[in-house]
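Listed next: structures, encoded as structure tokens.
Two complexes are shown next, each including subunit A; its partner changes from subunit B in the first to subunit C in the second.
Entry: the complex of A and B
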């Protein structure tokens, strides 16, 4: 059932690539702008929450959507500064198969936990109660947004927003303060050769696409007999399909840079994005009936086709294969 | 004097390794060693599971506190070879497709038996989270009435395992048996494992928890099923078995499978899913063996297992050694420095995982380590995580080095046969 593209390693002869990816350019034009936008939008989110943390605040909702968009656009770049100190997990703990997020948030409220008022202490709480997916529960789930204790929800919204902004800032600072140089100029202990840096980027690309296909789409699809629309990502704020589109745009940009503007790659992404645009099913509610499910599956097949193209042709041509990723387990 | 002893044994160790790594290691010979070790690890898993079965039979036929403790000890012993075998899982599709039957985790244990009120009820994800098969001889599952008046291996395997398509409905394997022996660990972040009373298996009025006969029936069925599942996998690795034949059919694909198994178990599975997630969630239920509090051993023997396939040597439960031409020797022929790096990283990870085990066995249990703000516990666990992540980088280098040495491109099943993706 599980696609084994990423899990099955291949040993391949390394040809001398005619046009190896320009790592420094990828850092400058793809990674740094993405994290700069995230830091800036997350900061705006924290300020909006500080100004008025009521879940119904329209400006806060706008700031939430913009910052979440910015996160999704870099969500495939899970290595180095975003992995350090578990920052990416603290920004984005999902999927959540055991319902840890609502449990952890409810516990913070029930215990009147002092960490909510103390950013340093809050950075130690469970990642399930932090980041964008926790914030979504607070802003959009009736249990919290319309709950009996609006003051508690409000205080948590502020705490989570401040924590998001701090994490986003730390990731950007680390990229600007040295990690970008390590990656752009291999020959250090992190990246011994340009090929190791290219492998990291290729792994991010492959993993980002795997996550979109298998998790963002695969989880709500469930099985034909048992579709799971309630598992759609960020469905409470109507963002499920939007995440697929944003992520395809971002990984498409990275794929274009890695492949040196390969026409087949561009076409494969265009086809997937075309399917996404035509889907008209913002939270994949359609997976519950055969017709709707077929359309979501067709989108997934387009993404699988991109993955296959990258693994079979682009990677071998460049002499790079994806490394191991966090999705390799079960 | 102490220093001298240490230095001497370190020297002996490195000589031992050098001797193993010495001589030419052909890919075919490396794959034979790997298959022999797989067969030995699964055979040991079977042998120790049969001891567990004997202890379970004794517990159910004449329940006592001593009989329950004997069964628990047998379960703990059975985990030692099994956890070392997990390195075969990723990379060998035959193993990966099978392993959910014996080692699925985490589980919503309320499916099987009574649970504490704090456990909660059915969830969005799992309507069967508190089904309690032991207390109910008949129930509705996915809209159909199920007759569970007899608890048989077939009921567990065909009806309850992954019921309603939910992975947390784990009805079979080590962790279901673990729950039946230990019960829920209600100590939170405090010391102490589950403390199921032996009287949960007692007869007549002495029975606690209700339905003791059905509980015994379930425990026996789950243990019998574990035995038949292990018998099956041993046969796959024996001479002429499918797993061995598949691996040996293509030498380059076989070497890639070894490395895939090492890297996937190191990074995504053990470092990520099983270790780091628990620290980040501060959740004692994220322990791999949360009922028995055996998580430190689960991780440690995963690390030992990864090291053992690289070095081409496994020490069996009877003390005999299975070894042969190793992947280590194969890498050394291409890049001796990289082989040394790989060996050092594997050793460092086993040491880091060993520190968790040592601390846990001296009273600082794994669930205490997971508590929010417990800096020492977090440092211990993250030491293991970082060791595993670090060795993954070297495994990637080994893959690149062996690939660069002129190994042909090898397709995976899904690449060669896109339809397989949708099977």
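Entry: the complex of A and C
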């Protein structure tokens, strides 16, 4: 208690970080390369779908996996261009607790919706029917991939892929066309001080790790009495664990840049990634039995340890309180 | 104190006790949950001078409390997604009743009594359906659950009784959660918050929804003035560079809310934790534990700001407002402060 009190007063007295992170370097080496890769891989996905949109097309599957990888690597950067026009939601509608994605896709097919053939109109349909998670249903779920209307599914695969590519391109263009400069050189209406930019980056790092721990892992884990393996992220295409690994790699890179190469932070990420590599349970099917669940839980604990380290050691340096109420979120 | 409590308990057992009032609990002016230095949690009664009048243990971290309008009874709610709430007899210093959320429901941490104190209303999550519920409990019948109705939205949080006692106002935060995934937000792409006015019988009376630009603004906490003004505090779920107002005022008869631009999201780090309003509706205080800021408004204008680390709980005092912090500090309306070795939790409840 006394320690916490002291930390809180120090924080108020020194609002400027002791070792401010190099924001321009983070934009240049972490954010822009991530969105460049997403735009390019999403473009390749749209081309593969245009060439052959049959769900069984092997080249299309490869393009899907590569573009989805590129998305997961930037999925923690939820601010600015990805939030504008709800682009990130349109790329990634998950979790989906009410099963809205298959319902929305089935409705588009049943209604023979004209939006499927019109990219401008498709960009206005429900976010539940757009993005990578919708595409996964179309390519890998028997309801669609092996369904009775292969022509309709094929057209929808094309529409979703084109929409993903357009969204990814818009995000990159906005980063390159001004937003990157606003963040790299604060003192503008969006980022008035370097500290505001650093806080935004730190928040996206913390939120990204929270999502990986609480949602990517927490959702399939469910409770001990009732594990929920069917809720694993992107399980239909076998990507659940892969998303955890990719997001840990990406957030680890950002954490390293924000913390100025802090050794404890790097070690905490290494330990979590080591756990993930040793898990050998690609869609967390193991959560259904106690031993498998224990192993997934151990991975989650490693990520929670990173979160705690960042909240208590790195955040306060940036003027982000780790207070009793500030962290409560209610 | 303990002796007096034992004496009172004895009197009660023999049926000789006079009717108990809040004076029998040491006349606390406020309630707040908090964490003690040994890591345990308790509900505290605080005097007008911020001194601790009583302390009753809680089994886990609390959130808000509801004070019975006449009897010295407080309902302490567990932190979301809690499955229990405890009714404490603050005069005798013991648990009077235990509220367990029914199957498929959990509490959100807030509740409100009817004006006569016979009914308690609690905000709850029907988590399989992802819909907000108001649970109704008969306070005079050992807090038996007697009914429930829709809260008018998703993720209800704060709930207050309107002046006159004929209606409730509920902050439906719009965010779907499921206890299996703790506090992770499941529906941000489609979230929609609202303010719902509902009769005590569950009948919908009016509803306020903010425009599309505020879609990611989650209405969480409420304060109601005697003239019917409802002040609401929000938490922003989007980009931190957004400066949308987090404080709004509404009256049930009006189609729109008045938003206060000086309560911009940037200064408050996108997050208001608590809100209080004076009886005449002219003075409002909001806290941001993430912005370490207390703001006070008079007649719709920002009148005062105070930087207080981890400030969150706030309640109206005789003059001005009293605010509590996770650091243990209690800021008094006269500018002074008292510090206890207690991490004060989110809300300070005026009795």
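The rule is simple: the second predicted complex is superposed on the first by the 300 of 330 C-alpha atoms of A that agree within 3 Å, B and C clash if a C-alpha of one lies under 4 Å from a C-alpha of the other, contacts with A are read in each partner's own complex, and residues count from 1 in each chain.
Here is the rule we use: a residue touches a chain if its C-beta (ideal position, glycine included) is under 8 Å from a C-beta of that chain, and two chains touch if they have at least 3 such contacts.
Just so it is clear, the model here is predicted, and its values are computed rather than measured.
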* So, does A:173 touch the first partner subunit B, the second partner subunit C, both, or neither? -> neither
* To do: Answer with first, second, both or neither: which of subunit B and subunit C does A:214 touch in the superposed model?
  => second
* In the overlay, answer first, second, both or neither for which of subunit B and subunit C A:324 touches. => both
* Partner chain(s) touched by A:313 [first = subunit B, second = subunit C, both, neither] -> neither
* Asked: Of the partners subunit B and subunit C, which touch A:95 in the superposed model: first, second, both, neither?
  -> second
* Looking at the overlay, does A:191 come into contact with subunit B only (first), subunit C only (second), both, or neither? -> second
* To do: Look at A:69 in the shared chain and tell me whether it touches subunit B only, subunit C only, both, or neither; answer first, second, both or neither.
  => neither
* Could you look at A:79 and tell me whether it touches subunit B, subunit C, both or neither (first, second, both, neither)? => second
* Which partner does A:52 contact after superposing on A: first (subunit B), second (subunit C), both, neither? -> neither
* **Common ground on subunit A, meaning residues reached by subunit C in one complex and by subunit B in the other** => 1, 4-5, 8-9, 11-12, 86, 89, 93, 97-98, 100, 127-128, 196, 199, 222-223, 226, 321, 323-326, 328-330
* Any idea which subunit C residues touch subunit A in the complex? -> 35, 37, 63, 79-80, 109, 130, 157, 176, 178, 180-184, 186-190, 220, 238-241, 266, 269, 273, 289-290, 292, 307, 309-312, 325-328, 341, 343-346
* Complex contacts: residues of subunit B adjacent to subunit A -> 90-91, 93, 100, 106, 123-125, 142, 164-165, 167-168, 252, 255-257, 259-260, 263-264, 266-270, 272-274, 276, 280-283, 285, 372-373, 392, 395-397, 399-400, 402-404, 406-415, 418, 421, 423
* Show which residues of subunit A lie in contact with subunit C when the two form their complex. => 1, 4-5, 8-9, 11-12, 78-80, 83, 86, 89, 93, 95, 97-98, 100, 127-128, 190-191, 196, 199-200, 203, 210-211, 214-215, 218-219, 221-223, 226, 228, 321, 323-326, 328-330
* Asked: Which residues, counting only subunit A, touch subunit B once they are in their complex?
  -> 1, 3-5, 7-14, 86, 89-90, 93, 97-100, 104, 124-128, 195-196, 199, 222-223, 225-226, 230-231, 304, 308, 311-312, 316, 321, 323-330
